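Listed below are the structures to be examined.
Look at the two complexes coming up: chain A is in both, with chain B in one and chain C in the other.
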Partner chain A sequence: MGKYVKRGLLIGFIGGFLSLLFGGWTATILAVVGGLLTGFVSGTEGNEEQRDLKGLAVAGLIGGVIMALGGLVYDLWLSHIAGLKTHPDDVMYLSAILAIVLCPLMAVFMGRVQQMRDKKRLRIVNAIILLAFLFVFPFVEEATNSAWLASLIFAEIYVLLALGLNIVVGFAGLLDLGYAAFFAIGAYTTGLMSSPLHGIHVNFWILIWLSAVVAGLFGILLGTPTLRLRGDYLAIVTLGFGEIVPVAFTQLIKITLKEPITCYFVPLLSKLTGGQPVAQCLVLVDNFNLTAGVKGVSPLDRPVLPIISPVDDGLSLVLKLAIMAILVGLVAFLFMRSRRNGNRSKWALLGYGLALAAIIIAFVPFPKAGVVENPDPLTATVTAVMNTVQPGPLVSDNPIAWYFLMLALLGLSLVIIFRLRDSRLGRTWTAVREDELAANQMGVNLRNTKLLAFAMGATFSGFAGAFYGAYYNGIFPSVFEFSASVIILSAVVLGGIGNVSGVILGALIIMVMDNLVLKQLQAVLNGLQSNVLLPAAGNNLAAKQFIQANLDPVKYRFLLLGLVLVVTMAIRPEGLLPSREQREELHRAEETGETPEQLEAEPLPTPM
Partner chain B sequence: MKMKRLALAIIAIWIFMLLAPVAGLDFPRVIETIATKPQLVMRYLLIGLSNGAIFAIIALGYTMVYGIIQLINFAHGEVFMMSTFMALTVIAMMGTTNKSDPGQIAITIVVAMLVSILFGGLLNASIERVAYRRLRNAPRLAPLISAIGVSFILQNLGIIWAGQGYIQFLTPYFGTSGGFAQKAFPDLFPRVDIFKEVLGFSGVGVTFLTKELFVIAVAVGLMIALRLFISRTRLGKAMRATAENRDAAKIMGIDIDRIIALTFLIGGGLAGAAGLLNGLFVNTAWWQMGFQAGLRSFTAAVLGGIGNVTGAMLGGFLIGILTALSDGLFDPAWTRAWVFTVLVLVLIFRPTGLLGEATAQKA
Partner chain C sequence: MSFFVAQQVTKIFGGLVAVNKVDFVIEQGMIAGLIGPNGAGKTTFFNMITGVYPLSHGSFTFDGQDIGALKPHEITALGIARTFQNIRLFPAMSVIDNVLVGMHTRLKSNLIDTIFKTQRLQKEEEMAKGKALDLLDYVGLGRNRAPISARSLAYGDQRRLEIARALASEPKLLLLDEPTAGMNQSETADLTKFIRFVREDLKLTVLLIEHHMRVVMGISDRVSVLDHGEKIAEGTPTEVQNNQQVIEAYLGSGAGH
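Up next, the complex of A and B:
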């Protein structure tokens, strides 16, 4: 029981702190999340624990009460003295009651689900619960109007970035400190080709792939000369690359390219011989403004969101949906077949190819036959149906649409990443990470393996960059500086290097802290400062200056990030949610009492 | 084969000449400057030498630490930055300005030098103790990531230190203009042109200020002292032994932890000295200076051959001259790109650096 009390206090303190900062419906939302998590965690433990639903109820109750209290304290007290937005009375009381009720309910429900015997089915049920939560969440957000959604979309982008960096750092063990450079390259590829700056307007759904490819190519370009070096050289080269890419994007505003032979050598020769210059200087590019410098590329074309885009032509939409349905059905069929045969790889590959085709078809709008003046009944019906089914009007400024789009891309990336990790290539990466020399002896082509990891990471970064540019509707070089790389790296390190779910968790924590919590904390502290602390300080000038200079958590965000890195490395180098191999490797010494030197001599435990 | 290489070289030169003007190397303008104003170029070279001397001392810290535990100490640049602030604080506490009398200035410089060397050394050694020591047997990425974290923490401490007027007794010079702004570092040396006023050459046309001479002299003195320390003393011998083979050195009775701490102490002390010298030379200080200087110095260390003390000096001077030329003749905005290009070129064509020998692979 004591364990459950502790657990309840833990979720209570985290959730209660956040409710204390935001108030309103936050307590309820967090109570649901906390309850589900508590229940889920109980399932990952031993069998006796699973039965203890009473304990889960207690944990949920404790957590729910603390969260409810946090929310009430905000609405009744903190928001008044800090001069922030307060919620109506009914909202705050209802939220508190719901938090107290829902948290234990969710914990018990999830704990009950975890008791399922059939592990396979349990995983499916868990996945369904997760998907349902992810689906419902934005609507709840929208309804409770807490304006978290925009931050969550950024968090999703950073999750994608962290997943990409995890391929480089976690799977292959290469430290990439200039990861934001590829992010920038992806974003600028999209920005330059779909904005009024150069008058080029390529469809976003083509650009998003193109950006990924361009970033990947830059990864290969940078990796080829440097990847044969030792790992820490790579770190410094990528650091340098990450430094100059923003500089380059800032400075590439007056590009003049002169052909050297005609512009330098011929005049020099003619000057030396005293004759007239024979050839005209060939200026290839004259004073070309590529990136608009610090002003940045803004605005970008608003991408038309997929599937629903050409609704004014019902026939093409139906056709498209039909083709997609056939493709998806084929994929399912192939999967079944491959399962039965036990010979998965070939059929599965075909299946993935078809799934990819279905997705691309979904994203590429069909050409319209012509503008329909009076829509035929079919078109009208489809439009009506789509408008009722879809979450609000699916224009590109609707955050819910972006949220789901990014979620879909994340899902796609996750499939690719899991397949990569378990593939032959993925195992080769592990081998290279664990022992380069041994891997080389076993016939692994070191350079190509590393290069693939590096390029793959860059590709994901470019992908995220394209999405970022389109979503943010503006690309500025200062966004992509070294600090961005470090934020992504801290997400990977905090969550657990090499473990996909850990990395997702790390990125979510870092981004939610950075985008939401610190900002709200700043608002609260600012309110407190001007309403309470400064009057209290009275005439004490030094105290006043101290308060004004230091009560700003956003100013110290990088200090906090640095602390996250150092403390994680010192206390829990495997991260919050490590992969099994990593945890065993790092902690075997403690368990068996061996010294690390002895461990090194042993063969590695990981199956290759 | 030879023809092929020649053709490749010509293509490379063509591409270089096509693209270099984008990064500020405008050939006609540069050549014209060199032809018409050679004094200016000489001046840039002198600035480059002084700058390079500072880079060289910082690079020594990188190279020593890398030589002994194969770690790129990302926080080293920040130790340099913090030491500059320390020196600035000492100068401010002693109330010395450029109008004070020479005796006081001399005493201030000596005191500030000692304090910042001590401060830098202790800071670096405590970083090692707190952040790196327990990770010595962890995977190689772990201390590197920890080092980045320390670097970020120190940068922010620098902002805090430089940002406030409220710790009046500590930072009278910093003012209240906020931690992100550049701070003025007093120009303590009399602006005496050595060529003209000391040596009596009047026709040279190039100014060589006392502060530049001072920076170069102190830097070279420190480097010689370090060389002597490493090659002549028992501790230096122990350091070399530890760098060569840590386990064997341990068996021979060398206290590894102490030697590594000593390495960090010396490296940090050198960074501390560089902090004061840089402040006296550039006359500004701000929280971001450590990152840039660190990157350049690391490039210098790699250029000279990492792990090699003489190489670090040579690399420092070369990088200093390159940055000065790029700042003066090409375009300051692109200096970073040139330094980076040099780094990549060195790593491609001579990964062991100019003076480095091929080291055994220590995976």
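Up next, the complex of A and C:
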């Protein structure tokens, strides 16, 4: 039972802190998340008898109560004294009650689900719960008006980046400190080819692939000369590349290209011979502004996003989603069937066809449903609900559409990454990471293997860059500096190098902290500063200055990031969710009571 | 033309001559032994054959082809596989994945196959996995140990896995670097029997470095002796055993008296 109390306190502490910062519906949302997580974690440990549903209920209850308290403290006290947004009384109390009720319920529900004996089915059920949550979340978010979605979309972009870097660092073991460079190359490829800057307007849906390819090519370009270097040396070179790229994008504003023979060679020759220059210098490019420098590229063309296309009617959206759901279901059914039959081609082909149809339908604007006189109550309700989801007319300003788009592309990337990991190529990456010489002696071409890992990482980075540019509607070189590489690498390390789900978790935590929590904390502290602390300081000028200068958490984001990493490395060096290999490697010494050196030592050869 | 020929093979590290003008011939189907005291240059010789160290002078001819200038992975693809004196498995990978890495040069699937999970890839992977499991049985590890990590295997089993990994590349010439190092007597006897069996069964040619004199003498058709980087004797095991220079090299110059 003590274990569950501890766990309840843990989720309560985290969730409670966040509800304390945001208030309103936060407590309820976090209670659901925390409850589900608690239940899920119980499934990953021990045997079934140890999974104690009562314990889970207790953990959930403790967590829920703390979260509810956090939310109440915000709405009743903190928001008033800090002068922040308050929520209506009914929201505040309802949220607290729901948090207390839902957290244990969710924990028990999820814990019960984990008791399923059929592991394969359990995996499917877990995936369905996760997908359902991911699907419902933005709508809940919109309805509760908590304005988290923008940050979450950035988090999704960074998850994609971290997944790409994980291929390089985690799978192939190549330390890349300049990963943001490829992010920049992807973003600029999209930016330069779909903005008024050069008057080129290529369709976004072509550009994302193009950006990925361009970034991948740059990966090969950088990798070819440098990948023969090992470990530290490679890290330094990538660090240099990471520094060069943003500088290059800042400075490429006055490009002049002169044809060398007529401009340099002939004048030099005539100077040497003392004659007059005869040829006219041929200037190919004169003072060309490629990247607009620090001003950045902005705005970009707005892409047409799928699913929520120009409809201002909820009903046609419902219709479209329904058709999509049926199609997706059919596709899934066909693939499962084709797999079971072992006769893939025929069914799979049909599946691919239907999937394509679903994608096309997602883009087709559906006609407005005619205004029905006196609609039946059901239709009216659905219309009303769906209409709350529809924001303004400009499609690509709808964060829900972006959220789902990024989610779909993350899914696609995950499929590719898993396939890579479990394939012949993925095996060679691991082998090279484990023992380069042995891998080489087993017939692995080191250069090509490393180059492929590097290029694949760069490709995903370019992919993410294209989205970043289009979503943010602006590209500025300062975004891609060294700090971006550090943040992405931290996400990988924090989550667990090499483990895909760990990396996702790491990126989510760091981005949510950075984009959401820290900003809200800043708002709270600013409020406290001007409403409470400064008046309290009275006429003490020194104290006032001290408060004004230091009470800004955003200033400390790298300090905090560093602290998080130091603590992680001290307590859990393998990251939050390590891969099995990492865990074994780092804890082998503890389990056997030997030092790693002893374990690696050779047994002495017996004399002849 | 013999199956494998080394001509005037020399390796110089800085000022040190590690291997000096060694001539060496292996006929097809033979088990050749390479012995010598510590630091005689045996492993250096291996590393030169497999392309880890480029040759300073001389040449290697394998199956009628000059392999002296080839890269390690190209040499493996031609059909030379090796094991290591100090076991070098991929410790974090599973047992079967270790074998599958050994199969690398015999598999064809590329990036496009992988991303789209083509039928070719699936067939190939299925075939490879089946073959790898068979190999695990073949070397006596047992297919039920396929999913555990290589690190968790016992020492002798790690040696077996290394041999399985080498065999996975379908070699014509198998190089074994002190395969019985660290094994007890019965394990050594088992392994010796196994090497002989593999030679017959797979029609392999084997080059064996050994420290254990008894092992080498027991199974080699022909033994060469290296000392200070030079070949000091060659012949049948009995001939070599009675060679005065060999006895001196192993036991010091006073031993003959």
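As a convention for this text, the second predicted complex is superposed on the first by the 506 of 608 C-alpha atoms of A that agree within 3 Å, B and C clash if a C-alpha of one lies under 4 Å from a C-alpha of the other, contacts with A are read in each partner's own complex, and residues count from 1 in each chain.
Basically, a contact is a pair of C-beta atoms (placed from the backbone, for glycine too) under 8 Å apart; a residue touches a chain by one contact, two chains touch by 3 or more.
Predicted model only: the values in this text are computed from it and were never measured.
Looking at the shared chain after the overlay, A:Ala431 reaches chain C, while chain B stays out of its contact range.
Within the superposed three-chain model, A:Gly353 lies out of touch with both chain B and chain C [touch as defined at top].
Of the two partner chains, neither chain B nor chain C is touched by A:Pro299.
Of the two partner chains placed by the overlay, only chain C lies in contact with A:Leu420; chain B stays clear of it.
Once the two complexes are laid over each other on the shared chain, residue contacts for A:Leu446 go to chain C alone; chain B is not touched. Applying the stated contact rule after C-alpha superposition, one finds that A:Gly411 touches neither chain B nor chain C.
Within the superposed three-chain arrangement, the count of touched residues of chain A is higher for B, of the candidates chain B and chain C.
Within chain A, the residues touching chain B in one complex and chain C in the other are 435, 437. Here chain A touches chain C in the complex through residues 344-345, 416, 419-420, 423-425, 427-428, 430-431, 434-435, 437-446, 452, 580-582, 584-585, 588, 602-608, going by the rule given at the top. Across the complex, chain B meets chain A through its residues 13-14, 17-19, 21-22, 27-28, 70-72, 130-131, 134-135, 137-146, 148-157, 159-160, 163-166, 168, 176, 247, 291, 295, 298-299, 302, 331, 333-334, 336-337, 339-340, 343-344, 347-348, 351, 361, 363. By the touch rule above, chain C contacts chain A in their complex via residues 50, 52, 71-73, 76-77, 81-82, 84, 86, 88-93, 97, 100-102, 104-105, 107, 109, 111, 114-115, 117, 119, 121-122, 125, 149, 151, 155, 165-166, 169, 178, 181-183, 211-214, 250. Across the interface of their complex, chain B is touched by residues 169, 173, 175, 177, 225-226, 229-233, 235-237, 239-241, 243-244, 247-248, 250-252, 255-261, 264, 284, 435-437, 482, 486, 489-490, 493, 497, 542, 545-546, 549-550, 555-556, 558-559, 561-566, 569-570, 573, 586, 596-597 of chain A.
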